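Shared between the two complexes below is subunit A, which pairs with subunit B and subunit C, respectively.
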Partner chain A sequence: MQRYDAIVIGGGHNGLVHAAYLARAGKRVVVLERRHVVGGATVTEELYPGFKFLTGSYLISLLRPEVIRELELARHGLSIMPLESTYVPLPDGNYLADWPDHDLTREEIARHSPRDADAYGEYASTMRRLALAIKPLLDMTPPNPASKDPRDLAAMAQIAERLRAMAPADFQLLARLMTMSAADFLDEWFEGEALKGTKCTSGIIGTFLGPRSPGTGYVLLHHYIGEIDGVHRAWGFARGGTGALSQAIASAARAAGAEVRVNAEVAHVLVKDGVATGVVLKNGDELYADRVISNADAKTTFLRLVEPKELPDDFVSDIRRYRTTSPACKVNLALSGLPTFTSLPRGKEALLRGSIEIAPSMDYVEQAYDDAKYGGWSTRPFMDALIPSLLDPGMAPPGKHVMSLFVQYASSELAVDDGAPGRDERALRPNPQGGWTDAKKAQFLEVVIDTLSQYAPNLRDLILHKHINTPHDIEQSFGITSGHIFHGELALHQIFFLRPAAGWAQYRTPVPNLWMCGSSTHPGGCITGAPGRNAALEILRDWSRA
Partner chain B sequence: MSKHHVIFVGTSPNALAAAARLALAGRSVLLLGTRHSVGGPVATEVFAPGFRADTGVMSAALDPEIASALSLSLDVIRRDIVTSLGPNPVTLRTEPALPTAVLHAVGLLRALYASPPPSVPVATGSDAASLGRLTAQLTGLGAREMHEVLRLLFLPVRDFFSELGLPAAEQGLLGGVAVRGLSQGPFAPGTLFHFLHQLAIGEGLFPSTVRGGLGALSEALADKARAAGAEIRTGLPGGFKVEIADGKASGVRLADGRLLEADAVVSDHDARSTFTRLVSPIHLDPELNRTLRQVRYQGTVARIHLALRARPTFNGVDEEAYRGTLVLSPDLPYLERAWDQAKRGVVPAHPYVEVTLPTVTDPDLAPEGNHVLSAWVQYVPHGRGDREALWKSVLGHLAELAPALPGQVLHHEVLLPEDLESRFGLTEGHLFGGQVALEQSFFLRPFPGSAHYDTPIENLYLCGSSAHPAGYTGRSGWNLAGALLARK
Partner chain C sequence: MLTLKTTPFHARTSALMQGAEWRRWAGYSVASAYELTPDREYLAIRNACALIDVSPLFKYHLSGPDALAFLDRLVTRDLGKMAVGHMTYTPWCNARGKVVDDGTIARLSDTEYRLTAAESNLRWLHDNAPGFSVHIEEVTERLGALSLQGPASRALLEGLTGTDLSQVKYHRFTHVSLAGHPTMVSRTGYTGDLGYEIWVEAERAETVWDALVEAGRAYALQPTGIWAMDASRIEAGLIMLDVDYTPAPKALTDGQASSPFEIGLGWAVHFKKGHFVGRKALLAEKERGSPLALVGLEIDHVAFGKAHERLGLTTPFPFVPWRGIVPIFRGGEQVGYATCGTWSPTCKKYLALAQVAPAAAAPGSALSIDLMVDRSRQSFQATVVGIPFFNPERKRA
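Presenting the complex of A and B:
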C-alpha cells in the first residue's frame, strides 16, 4: 500500500522545496511529477543534441536566501553566477548598459543624460529602502483581514508597525507606488527614453499589462527585492541552466528522505467524506496520505483535480475568475556562432555575457502590449535575452551557442482566424489549441527573429535550430493554465490575502487536508521557493497542533 | 478694511458650500472670483446669441446632506435614460444589476468622503477614530463581502464587467462612466475604483443637472451663502496673490495692490495653480515643488456645444431617450483604443462621446423651437490645438447616426482641454482638479503631506475638486469648513 504523510502534486520548484522542508522535518513525502523531468517551468531541456535550451525560466532572481541556505543547495550542486551586465541595443545604433557596479553605471547613464545620472543614486537608494520595507511580507503567510485569530491579528499588527516605522515620505511614496504605473513612476525620476525603457521592463515581465498600466509600479518593486538579495549571490544564472536549480532542490529533497517520482501524472485528488485522503494517478494507481499538497496552479487544482461538488460554489467561481490570461513566450535558438550586434562597440563584447534587452523605450514596450491586449501579438516584441553558453560552455557544443529569449507580448487568448477571441478562461478542457495554430506559432517565431535581427543582422545566418513555447505550449508542456508563468497575474486584486481567492490565501483549501504550495499562492511567481517554504511551515505548524 | 475670518479664492460649489457653512456659524467670509459668474466649471454660459449650455462639467449633484443642511431645494433634472448609439442602439432605463459588493464599496467611499481624509499613518485622535469607524464598517460586512469590496478597489473595469457577463453595449456604457475624466482606459487596474467614485458622488449612468443649467446650482448655493452673511465679489481682475508673512497666510493681495486681510485663506483652485499663481515661489521649498510637479492632471476632455435649428433624430433611438444621455461607446475595446491613441498625444479617430440635449427637458436654454446639443468628448490630449479637426470628427461620427444634424447646426463652440484650462483656470484642463486615481486619493489628495486640507503654509488651505473628495458635490469645502470651525 502506498501510504505517506504527504503527497505533493507536481514537481515544480515550489513543490520540490515544499517536499524538502517536509522531509527534513521527518515526514514521509512523495512528489508526483507528470513529466519525465522535474522542475515544472524551471527546466533545462536538451531539445537538440548538445544544445541545452531554457524552455521556461532562465534566470534566478528572487530565490529566497533562506531556501538556499536551509536546503544547502550549494552542496547539492547549485552554482549561481551573478549576471555581469545589462545591454540594451537601441534602434539608432547607440546602446545603454548597466552593471552591478554603481559608479560604472552612473557614468554610462551620464553618457545619455547627466540629469539622469544625478537622479540615479537617489532612485536606487529609494527603491532599496522601499523594497526592504516590504521584503518581510514575501516570507510571511498572508494574514486574513477578516479573521480574529490571534496569529492573523499579530501579523496585521506587525505589518502596520512596519509601515508606521517608515519615514512619512517613504510611506507616502510606497502608497503611491503600489497603485501607480511604472511609467508614471519612472517619469518622475528620469528623462532618458532608453533608461526608462530598460527600467520599466521589470514592472511588466510576466504581467499582461503595459508600463503605463497602474499596478506595474508594484511589480517593479517586487522584482527590486531581487536586487537586494543579489548580495547573497541569489540572483543570476545557474550553471547548467535553471533546470540545475530544480535538480539541486530535488537532490536536497531526496537526501532528506523524500521520494520524487517522474512520469507519474495525477488524475485527481481522492476525497472521502469531504476530506482529502490521497490521489489517483492516470495509470489508476492510488496513493494515500494525511496531507495532499498541490503545486499545480489554482485552476488546474480546483477545476480539474477536484470534483466541483467537493468545493463551495463561491470558491469555484472565485477560481474561475482568477485572472490567468498570459502574454509570455519563450524562444530558444541554437546558433553556429555569436550574433553581431551592430550597436556593440569593439572592446565591449563582454556585454553579451549579461542580459540583452530589447526595450529601447517605454513606448516601445507599451506598444508591444497594445498590439497584444485585444487578442494578438506584438509586431515588435519586448525581449529579455541571454546567451547562456557564454557563461556556461556546457550549454552548447564547443564553438556553438544557445540563445534564450523571453518574449512579450503574445496573448494566450490569441484570436482565432475568424476574429473571435481564443479559448482561454473557458471551462478547462484538455487544451484545444484555440488561436495558436501551428501556422500562427511559426509566424510569431519569425516575428521574434525578425525583431532581433534588426539589432543583430547576421542572426538568421547563425540559426541551426529554433524553438518557441507559446502560451499554449507552456500550458501543454508544463501543465500551467493559460501558460501563465506566475500561475496567474500578479495583479493587486489577486495578491497577498486575495491569492488565489479571498479567505483561502493561507495555503489551505476548502477541502480539509488539501493544501496548496505553488505560485498560485503568496508571494506569487518568479523562482522564489517562497510559496513552497511558507506552505511547508504552515503545514508543519498545523501538524504539530493536531 | 476689516479682517475677515476666511477668504476664499474661487467660487466653485465646493467653496460656496464651505462659505455657507462658515457664514451660518457666524464667521465673516469673503469669496473672490475672476469670472463674472460664480461656480467655476459648474457654469452655464451663453455660447451663441440666445443659446446657453453647461460649458464646463456636464453634470453635478450637490451632496444631499449639504443640501438638507442648507435647506436648499434645487429643481433637479435627472437624466434617467441612457442610450448607446450605433446601428442597433441600446437604451437603459435602469442600472444593470451589480453585486452587493459595489453597493457596500460605494457606501464606504461615501463614508470616507463625509469627512477629511484620515491621515495615514494616523496623525491625530480624530484620524484614529475615523479610521476605526471605516474599519468597523468594512469588517461589519462579514468576511466574504469585505474581501469582495477590497478586491473591487484594484480591479480593471474590463475584468469586472466581463466577470459579470454583461452584454458589450452595457459594458461600453458603464465603462464610459468609469473613465469619465480619467486618463486611462478600461483595461487598466484601478479603473473600477473610479467607477465606484462616480457612484459615490451621485454620478453614474443617470447623472443630474438642474433647471436653468448647472450654473443655477452654483447660483443657488451662492444665494444661500450671501443670505448667511458671506460676501462674494466676482469679475475681479486676475493676478491675486496670497499674502504671506512669517510663513503664514495673512490675506489676499488683489491685482490693484489692495490687501484683504484674513485669519485663513482657502484656495478653491488646484494645487499646482495655487502654488504657481497664487503663492509666490519664494515661499515654497524645493521638496514641495517636486511633490507638486508629480501630481497628474492630464485633462483629456473637450466640450462641444451646438446651437441647433431643431432637435436631431438619431437612427433607431426611442423618443423618450432624448431627455437623457446618448453615448458613443459600443464596447470596452472602443474606449481602450481611444486611450491608446490619446496616451501618445494623438487625437483618437473614434473618441468617447456623451451627448445631451438639455433643451428637451429645459427649453429655456434656447430660443423657442431651437435646441442645444452639448457633448463631452474624451481622450482628447491637452495641447493638440485643432478645434476644427475635432469638430469635423465629432460631427462626422454623429452625422452617421443623425444624417440631418449637419444641416441643423447654427453655431458650434469647441473647448479643448487647453481652452478649459484658460477659461476656468484648470491645470491642463482637468475638470476635476487632478486625476482621480488611487495614488492621488484620500490621504494622498491633493498631494502627499496635504492631509486635512492643510498646506505647508500655515493658514492656507485647499478645498475644491483638487482636494478630497474630487467632484463638485460641495463635500470638500463642507469638510474643510467643519474642520476650521472645530479648531476655533
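Presenting the complex of A and C:
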C-alpha cells in the first residue's frame, strides 16, 4: 500500500508550491499530475521544432516574493526578465507607448493628451499606494466574517486596522475602486481613448466582463499588486518561458523531499466514513494519505473528483453556481522573422521587446466583450502579445521568432449554430466542447491573425506554424473547468472570504482531511503561488494542533 | 575642445547612447548604460548576450627571451605551467606585499605575452625589468577590446566565425576568422558567465563591432555599459581596483593599501615558485595572519523591504551598484567595511562585498550594516556567505 502524509492532486504551479512547503516541513508528500509534464497551465511546450510556445500563462508579476525566497527558486534556476514597455498600435496609424522611463512615457502620452501626461504620474503613485495597502491580504487566510472564532475575529481586526491606517482619501478611493467599473475609474483620470484602452485591460484580463462592468475596478487593482525585485506593477518573462518556473518549483519540491509523479491522473478521492483517506488513479492504483489536497479547480474537485453524496447539498449547489465561463484563448505563432508594425517609428524598435497590446480604446474592448457575451467571440478581439524570443534567444531558432498572444473574448460556451443561447452553465455540458468544433477553432484563429495583421501587415507571410488554445482546449489540456485561467472568475462575489464558496474560504472543504490549494481559493488566479503557500501554512497549523 | 579620449568603438557606442550616461575609465569615456534604464543590459548578460566595450584596459606587449622569467618575478602567481594559448589572472605586489594591480596575462607565443591592467603600469614594469631581456611596449591605444558575455555568446560567436569554440576552455584563447581577419578571442570575462573577450586592432574595431551586432540580432544581443557589468561582477565575487582596494602606488598610507590575502586573492599567491616581488612580506603576513579578509555579505532584504513598507514606501533596491566605504559592525563594534553592494536580480538577494576581521569572516557570521531607509539610517543584518554569490556551470563550460 502506498501511504503518504499528503497527496496533492495536480502538479500546476500552486500544487508544486504547496508540496514544496509541506515537504520542507518534513511531511511525506506526493504530487500527482495527469499530464506528462508538470506545471499545469504554467508550461512551455515545443509544439513546433525549435519553437517554444507558451500554451498557458505567459508572464509573471504576482508571484509572491516570499515564495521565490523561501523555496530558493533563484537557486533552482528561475530567472525573471521584467518587461519594460507597452506598445499600443492604433488603427489610425498612430500608436501609444509606455516606456520604462518617466520622461519618454510622458512625451508619448502628451502626443495624445498633455493633460493625461500630467495625470499619469499621479495615477501610477495612487495605484501603487492602494496596491500596497491591500497587498497583505494576499498572504492571509481569509477570515470568515460570520464566525466568532477568535482567529477569525483577530484577522478581521487586523484588516480593520490596516484599513484605518490608510489616509481617509485613499480608503474612500479604494472602496470606490473595488466596487466600480474600470471604465468609470479611468474616466475620472484620463481623457485619451488609447490610454484608457490599454489601462482598462488590466481590469478585464481573464475576466468575462467588459471594462464598463462593475467589479472590473477590483480586477484592475489586482493586477497592480505584483512586483519584481521591489518594483511594483512590473511584469516579467521567465527565461525558458513560464514552464521554467514550474520546473524550478518542482526542483525545489523534490529537493525538499517531495515526490512528483507525472502521467498519474486521479480518478477520484477516496472517502471513508465521511473522511478523505486517499485517491484512486485512472490506472486503478490507490494511494493513501492523512491529507488530500486538491489543486484542481473547485468544480473539478467537488463535481468530479468527490462523490456528491459526500458533500452537503447547499455546498454542491454553491459550487455549481461558481462562475467559470471563460473568455480567454491563447495563440502562439512560429515566425520566420520579426513582424513589421506600421505605426512603430524607426528607432523605437525596442518597444517590440515589451507588451504589444491591441486595445486602442475602451469602446473597442467593450465592443469585443459585447460580441462574445451571448456565446460568441469578438470580431476584433483584445490581445496582449509578446515576442519572447527578443528577450530570450533560446525560445526560437536563431533569427526566428515566437509570438505569444493572449486573446479575449471568445466564450467557453459558444452558442450552438441555430442561434439559441449558449448552455446554462449550471447544467452540465449539453453543448459538447462548449461549441468549439475544429471549424470554429480555425475560424477564430483567422480572426486573431486578421486583427493583428491590421497593425502588422506582413505577419501572415512570416507564419511558419500557428497554434490556438481555445477555452475548450485549455480545459482539455490542463483540466481546468471551462478553461478559466483563474479557476473561476475574480468577481466580487467570489473573492476573499467567498472564494470558492461562503464559509469555505480557508482552504478546508466539507470533507474532513480534504483541502484545496489552487486558484479557486484566495487570492485567486495568476501565477502567484499564494494559494499553494497560504494553504500549506494553514494545513501545517492545523496539523500541529492535531 | 578638450575632451577625454574615446575608444576605437566610440563612433558606434556614441550612436547608441540615449541618456548621456558616460563615465570616465582610465582617461576614456565609456558608457555607464546605453539605455535610459540599464535593467535590460544586465538581463542580457545573464539571459542572452551582452556586448561591452572594455578597451580602456591597459595592455602591454612583452617579448623577448626573458619575458616569462620577468613576468614570473613580477606577479604572485606561478606562471610555470602556462602554455601558448593560455590566459591567467593574477595580482602583482610591491616589495611590501601590497597589491599594485590585478589583470590577465596571455601567452601569445614562446616569447610573447600580453598583460592587461586596470591602471597604467609602464613605469612599474620598467622599474622591475633591469637584468631581464624583455621588451615592453604599451599597446592600449592600438588594441580595442570587446567583452561578449552571456549564455548565448558562444552560439553567436560560433555562428559568426564558423568555428567550434567548445574546445576553447575557460581562460584559454584562440584565433578565429572574424569579419575576414584572424582575430584573437579569449574565453574570459568579468561577469561570471559564459563569455568571450575579443581583442582587435583599433583600425578594425568598427568592422568587428558591426559584424557582432549584425550576428547578434538572432541572439538578442544588447550593447551594455559598465553599470550592468558591475552588478554581474559583484555577483561573480570579482574585485575591482579603486573600488574594493586602493592600488599600492595610490595609497597614501600602508593602511589604505591591501595585500592579496585581504582582498580574496590569497589563492593566487604561490610561494613555491622562485622569488617574486613582495614574496618576503607576503610570507611574513601569511605567518602572522592578515588583519582583513574579503567576504560576501547577504543583507537582510526582507527587513529592508519591511522597513520601507512600514513607511508606506516600495523598496528601492539598488539596481545600479553602490560604491563606497560603509562600516560593518558586529555587536556595535566595527569589524570592517563594505566596498560595494547591489541588488542581484539573478540571486534575488541584496549583496555586498566587504573586508572584515578574520574573526568575523566565517560563513554564517551575523554582522550588520547601516542603510538609509527614506530619510533615516537603520541597521540591517548582513550575513557572511561564500563568494562567488552566483557561479553557474556555464561560467566554466
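Heads up, the rule we're going with is that the second predicted complex is superposed on the first by the 527 of 546 C-alpha atoms of A that agree within 3 Å, B and C clash if a C-alpha of one lies under 4 Å from a C-alpha of the other, contacts with A are read in each partner's own complex, and residues count from 1 in each chain.
Rule of thumb we're sticking to: a contact is a pair of C-beta atoms (placed from the backbone, for glycine too) under 8 Å apart; a residue touches a chain by one contact, two chains touch by 3 or more.
Here the structure is a predicted model, which is why all the values come from computation and not from measurement.
With subunit A as the common reference, the superposed partners subunit B and subunit C fit together side by side. Residue contacts after overlaying the shared chain place A:Gly503 against subunit B, while subunit C stays out of touching range. By the touch criterion defined above, A:Gly394 reaches subunit C but does not reach subunit B.
When the two structures are aligned on the shared chain, A:Thr379 is found in touch with neither subunit B nor subunit C.
Touch criterion met: A:Arg212 reaches subunit B, while subunit C stays clear of it. Looking at the shared chain after the overlay, A:Pro145 reaches subunit B, while subunit C stays out of its contact range.
Once chain A of one complex is fitted onto chain A of the other, the partner contacts of A:Ala491 are limited to subunit B, with no touch recorded for subunit C. Using the contact criterion defined above for the overlaid structures, shared-chain residue A:Asp363 touches subunit B, although it does not reach subunit C. One geometric descriptor of the composite model is the angle centred on subunit A: between the Cα centres of subunit B and subunit C it reads 130 degrees, in steps of 10. With chain A used as the common frame, subunit B approaches subunit C to a shortest CA-CA distance of 20 Å.
On the subunit C side of its complex with subunit A, the touching residues are 19, 35-37, 39-40, 43, 46-49, 151-152, 155, 159, 217-220, 302, 305, 309, 312, 314-317, 319, 343, 345-349. Per the touch definition, subunit A reaches subunit B in the complex via residues 144-147, 163-164, 168-169, 171-173, 175-180, 184, 188, 209, 212-215, 314, 321, 323, 363, 366, 370, 373-374, 491-494, 497-498, 502-503. Of all residues in subunit B, only 120-121, 139, 142-144, 146-148, 150-155, 159, 163, 184, 187-191, 294, 296, 333, 336, 340, 343-344, 437-440, 443-444, 448-449 touch subunit A in the complex they form.
Looking at the complex, you find that subunit A touches subunit C at residues 65, 68-69, 73-75, 79-82, 84, 99-101, 103-104, 128-129, 132, 227, 229-232, 239, 350, 353, 389-394, 398-399.
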